[in-house]
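Down below are the structures I want you to see.
Same chain, two partners: subunit A is paired with subunit B first, then with subunit C.
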Partner chain A sequence: MGILLRISLRNLLRQKRRNLLLGAAIAIGMAILVMANAFSHGISDVLFNRILKYVSGNISVSFTQNGNRMNQLFRDGDRMKELIRKTVPEISSVNEAIGIFSRVIGNARTDNAILVGMDLKSETDPKRLADLKENFRLIEGSYDNLARKDLENPVLLSDEKAKSLNTHMLDVLRVRFQDVNGQNQAARVTVAGIFKPANVFMNTPVFLDIGNLKQLAGYGPNDIGQLYIMIPNPKKNAIPGANALHVALKPPLASAFGHLEFKGRSATATALGFRVDSASLAGLMKLLPGFFADYRLMSNDVLVGKALADSLGLHAGDRCSLSYPPKSGGENVTATFTVTKVLPASTNFPPNVIWVNDRAFYTFYYDHWPSPPQSENGAFLPDSTSSLHPFLCREWILMNRSHTTEEMQRDLKLLPQLKSHAVAVGVPTMYESASMIINLEYALNLITLGAVLILFFIIQVGVVNTLRMTIRERTREIGTMRAMGMQKNHVRNMFLLESFFLTLFSCFVGILLAFAGMWLLSKIQIHSEGNHWDMLLVNGHLHFKPSVLGTALFMPLILAIAAITAWFPSRTAANLPPSEALGHFG
Partner chain B sequence: MNIIEIHGLTKDYALGETTVHALRGIDLTIAKGDLVCIMGPSGCGKTTLLNVIGGIDSATTGSVRIGGQELTTLPDREITDLRLHRLGFIFQTFNLIPVLTATENVEFPLLLQKEHSKSEIRARAEKLLEEVGLSEYRHHRPSELSGGQRQRIAIARALVTNPDIVLADEPTANLDSVTGASILEIMQTMNQRQQTTFLFSTHDKNVLKYARTVVHIKDGLIDGE
Partner chain C sequence: MKTKNTSSPGPFSILKGMEKGRKLFLLLFTTAAIAAGVPSGNDILTQIEHNTHMTTDITATVSLTQQKTGQGIKNIDMLFYRRDTDNSFLIIMTAPESEKGNGYLRVEDNFWMYRRNTRSFQHINRDENIAGTDAHGDDFEDRKLTDLYSTVRDSSGTEKITEDMLGKVPVYRLEAIAKVHDVDYPRKIYWVRRDNFLTLKEQSFTLSGTLMQTAYFLKYTPIEGRFVPVEQIFLDEFEKGNKTKLNISGISTHAISRDVFTKAYLENLSK
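And then the complex of A and B:
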């Protein structure tokens, strides 16, 4: 051990009382900092890992229809799930998150609720199952009742919701809601369990088996709602996973290949949808300037090439039908269109194509997803270099990856400008879906850090005063050491080391204190039902989540503050002339 | 051969608005291996002279050469280095480092030098402690030792680097006559054995017999040799 270090450490013990008091102040400051950081981290942990991940997963794939985020539906579910499994590595689970706003009629009382589907069969991981059950501390009934076949649409609801509906176990309630097709529906549900919510966000939902909910809401066998993907270590993997998925979700061109039929005549044809936003319509018209000089392309147009129209005897105003094989297999399905205009022969607009406006196109397309057309069979599939390509409909619209909730909301607001009936697919992670939670955590941390820095500044004034006192008392020692041949910088470093070690030991004690404090505080039961503070609690207890990284960063920060404040008195000590220091009687 | 050569040395101190002329033109040469006593009443400039020779204080004018090296023009870092390697100090109030044991106090200058192995440093410190008769107190802290014992540790500390010169400022002033005599005897023995030049100041005429050369100072001037 170096002589400077030895002298510094022993001097710390020499002035026990003074250093103990100062150390206690630093330790308390550190403890407050660690506890405050753990508390704010705990809040985001509650929001992210105990609430949000059950609402949107670590990564979610959303399917917004007509700009309405509450209307989540994708008609090619198996394909989407397969794509996710191929793209995102190490998936823990992929679940559907379906929530439907409803009005619940209880015993002489009604209330609003969100019907939330739960996939009971998918939860096989004992830890996740335990986590789930922690969120459902059942007062009556059982979590497993949701799977009972003898009850009509069994549901779990919070004790508060049960109270507001004046309902009890096994009571039958009626619910009114709008299904995915926009039709009003009513259904009967049975109270199969009443739970005490782990947090305020668990008050509103009424939970039922997702299979039952999908059936009630009009989902087809291959239809899916929003998907949420659970992955291990989401902090590290969620954003890269979402980015990879976003690349894989680039939508292909949407088309249907079959037979266009009119008055007993038939010809092979490819149906392509064209975008109807004003920029796309203008772009399409520029591709056939001669024709579109006299005719303005409209958002409800269905256009047929002249050769195809002639072969079928089709004219504007005629109603024809396209018979095509659906992706799900089985017999061909038929889509009918009213032709609004026959296009002249053109290299830009090939002859065996029926050009269908966005709304009409997606109506038949999503109702019966066509089997992918093959160009070898004669289907016209323009590649990305084609001048037509930018104006044609894709299988879906891929939303940009957004980094914050604000960006995501802004992009959603821009969706109607596309005037498209395509499903908008988004791939947000929970960190972007609720970036305000991260911002809240940052803000809390900043406020805490600011407050603690002020506290440390006050403490460091104490350090400076103590050090000055120490130096005054040890002036003759400084003189002796300088006379012996100790260089100025060694004298300075000796005092800096003392401050450093005092702060370091105090920080360690502070961390221990913080952990003891957090353990004690988290043992206190807080009754805050109906109070919004409830969201900060887990089962009525304060939730602390200490961050190793945060704590590890505070240490050098506080040590740096100590070093900076100790620097000036230490330097003064080092610059004392030896003769003056030796002659000092302190 | 002269180890110390001083010419025209003056030292003035500002004391409020007045200037104190502590040394007023000292010319002095000291031969290597000599045992010199600087004698004079309190306030005559003995400590100032030793401080300037030891590089602890600077001269106002004049020249101070230690082993041929001019001290007055050296920067602080080099003067400090010279003190570490060529000079040893013994103080009236012992000035041991209270948080270090007897052995560690003796080892201290060698540890600052960073030129020797740990075992070598420990061996030299223990040998010197044995020579000053304090082997059994090697683990004691200064607060656990008597004045005489502390001063003997200070002597060991001053000698541990094998310096050319040991400067002792009234080394017996805080000791009783018997202990003081034993301290001077140790210095005398070391001087004879190692040929280390010793300069000690005193105002006690009874200790003159230990010196080979006596320099009398009065009012900042040499009054006779």
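And then the complex of A and C:
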């Protein structure tokens, strides 16, 4: 084998010009393949790591109110953060993410913007902080200005936004937005910094300190917006982490236990909410067929068991109140209900319960989250085997894990059909939130590969042709070697190795060429303001992200193509009878 | 421009319903209140509520003219049907051309948006905008003004109601504060005619006290003992120059067939 290798390598040097030209063609093909692959990876990198990471985290936990994705609020924030930290291993950070659509008035100009909370205090990883500062490079002011108390609601905005609002450092702007309750609010904000984003998509946000924004938007001390979870190696860990979190987020039954009061009388009672979608209402009515034969359960009903009603002297139309301990501690809080019907005694509907419709239930429940009731204190807490269980309100609605953007959008569209006022909790990863980007990258790679394979086909025609010429020129040499005792397969392998080495060296040169080309192209400053190609750029430069795995896979592919195309001429050479070969004159 | 009406006689509020049979009581009550001097805030809010809430089925043509700085004028026309018994409603857009044939249908807890070009219904939420205006689905819910707002009291506990003049018209000026979270504006000031308790002007404020919107109710039409503000203007006080004019015409209080509040009817109407 050693001698074959030596002969093959020596032969490569015998026809220098021909092999050089052929090698150059292969090298250029390889360079194009590597560069195209790095470019499509670069697009994904820009979209995932320079945009999506900031707008959806590696994993996000969303809390959608009333099916409105822009209305993100969960009133038991600490509990949720604790649950996340317990469930997802190796968390780099859990950040609150609040974005609010707003209208901004600058100096005689107006524009739309998204007010985004920035939590620099909880960002302790210097690398991520550096990444952030690179992606939002300040050209005026400083990040520390967000914490300044002498400025009224300090904000950082992009140079483009500052231009469209005709505003400068320390100018005061007015913003209008809707708070967490949907009320219109207005505020004055001060320009404390102007940044140049690495990507055109990041021109829209106007950054405020998260604490400031929460205060302006009416968030309470224990309220949170969306949560963004950052984890190391998200490509590997994000989906398993989200799956684990989804299991842990299975919502428990929602209930409040306290004293139901009416006209000075009081009795311990559990308040349970019932779901009001048509299927649930029908299901509940089936549990008490006699009673519901005459009465149709409505989505605004508040029902009380007969024993409880009798003990308080309650009748339909009476307004009673439930006093219960809130989870946050302190004095009991009161929720009031107007009873619409008194239920007869039934084993399915226990006596010490007030059954509250979904809307009324969540209104008081989320305003003052009740302390978890204990069955040992007399609270009625049906378990999952109870016939009532499927029709009762949970602390939140857990959305299915979606695998694509389309699935996620479809699930969100279906939310209003539940007619529930419960918060819908979702756990998407950035790969699912933007599956179309992965599809785009996949499509780009496929197109690139297809184009390069065609290119290589053309190159390989050249390889075949060259080999045939070589064989023709070296026919007598083949005859001599065969006469000296060289076997057929050795002759074939000699030519195969020659092609293999030519392709291998060319591939290495191609990779070097590709890296040089990428370096060169990424140095060119591209001015494309207002152009959609902006999305492909980082700080005005093309962004390449070469993939070691991709490159490593391309090499054997190209070598295999070279070997296959070289096989047939090599075999022809090997099959030449020595006598015929020795007598060849050409 | 805001066109929400849950809390005041806004563009759509008169098209909502409330309980019947209180008319005589309220008239007597109001007369007594006037005779006794400045009525209480609750009396005024109750009377506003009573004056403007219809108690019959309604069919009307609603025209909105939105003027936004730098964007020109946009006319939005729609046909509106409302059933009194359960507050079901149907809206079909007739202008502009881009919206023509699109519609909204609310029956009980179901709220659908219909898109003519795709001929599809989509379930939407109660807080979603209607036809690009600031009106929401929940604006059409039957909520009483007195459940949403109460009169602001000063440090001595006195209600902030004063006798005032709006031009040459004697009015009560009442400052109101929201009792619940889910209203558009947490603070309002009403200028209400002293003789018949019709709102002539309304200002809406944020929690911090910024004036956001002023509404003028230019013309009322008496229908079935109630008053319909058929001409209104909403001025955007935040973004000066933006305004919306609202006109209601072709009002009918005849009972509407049950078939109207169906998907099939909306689809048919949009053709």
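FYI, the second predicted complex is superposed on the first by the 580 of 586 C-alpha atoms of A that agree within 3 Å, B and C clash if a C-alpha of one lies under 4 Å from a C-alpha of the other, contacts with A are read in each partner's own complex, and residues count from 1 in each chain.
One rule holds in what follows: contacts are C-beta pairs under 8 Å (C-beta built on N, C-alpha and C of every residue); 3 or more make two chains touch, one makes a residue touch a chain.
Quantities reported herein were computed from a predicted structural model and do not represent experimental measurements.
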| message | Per the contact definition in the header, classify A:A187: touching subunit B only (first), subunit C only (second), both, or neither. | response | second
| said: Tell me the contact category for A:V276 with respect to subunit B and subunit C: first, second, both or neither. | reply: second
| What is the contact status of A:E477 with respect to subunit B (first) and subunit C (second): first, second, both, or neither? | first
| Touching partner for A:S299 - first (subunit B), second (subunit C), both, neither | second
| message | Tell me the contact category for A:G540 with respect to subunit B and subunit C: first, second, both or neither. | response | neither
| remark: Per the touch rule above, subunit C residues touching subunit A in the complex are 2, 69, 108-111, 122-128, 178, 181-186, 204, 206-208, 210, 212, 238-239
| request: Over in the complex, which subunit B residues touch subunit A? Could you list them? | output: 51, 54, 56-57, 76-77, 80-81, 83-85, 89, 91, 93, 95-100, 104, 108-109, 111-113, 157
| Hey, which residues of subunit A end up touching subunit C in the complex? | 66-68, 71, 103, 105, 110, 174, 176, 181-187, 218, 276, 299, 413-417, 419
| message | Going by the contact rule set out above, which residues of subunit A touch subunit B in the complex? | response | 3, 6-7, 10-11, 14, 476-477, 479-488, 490, 577-579, 582
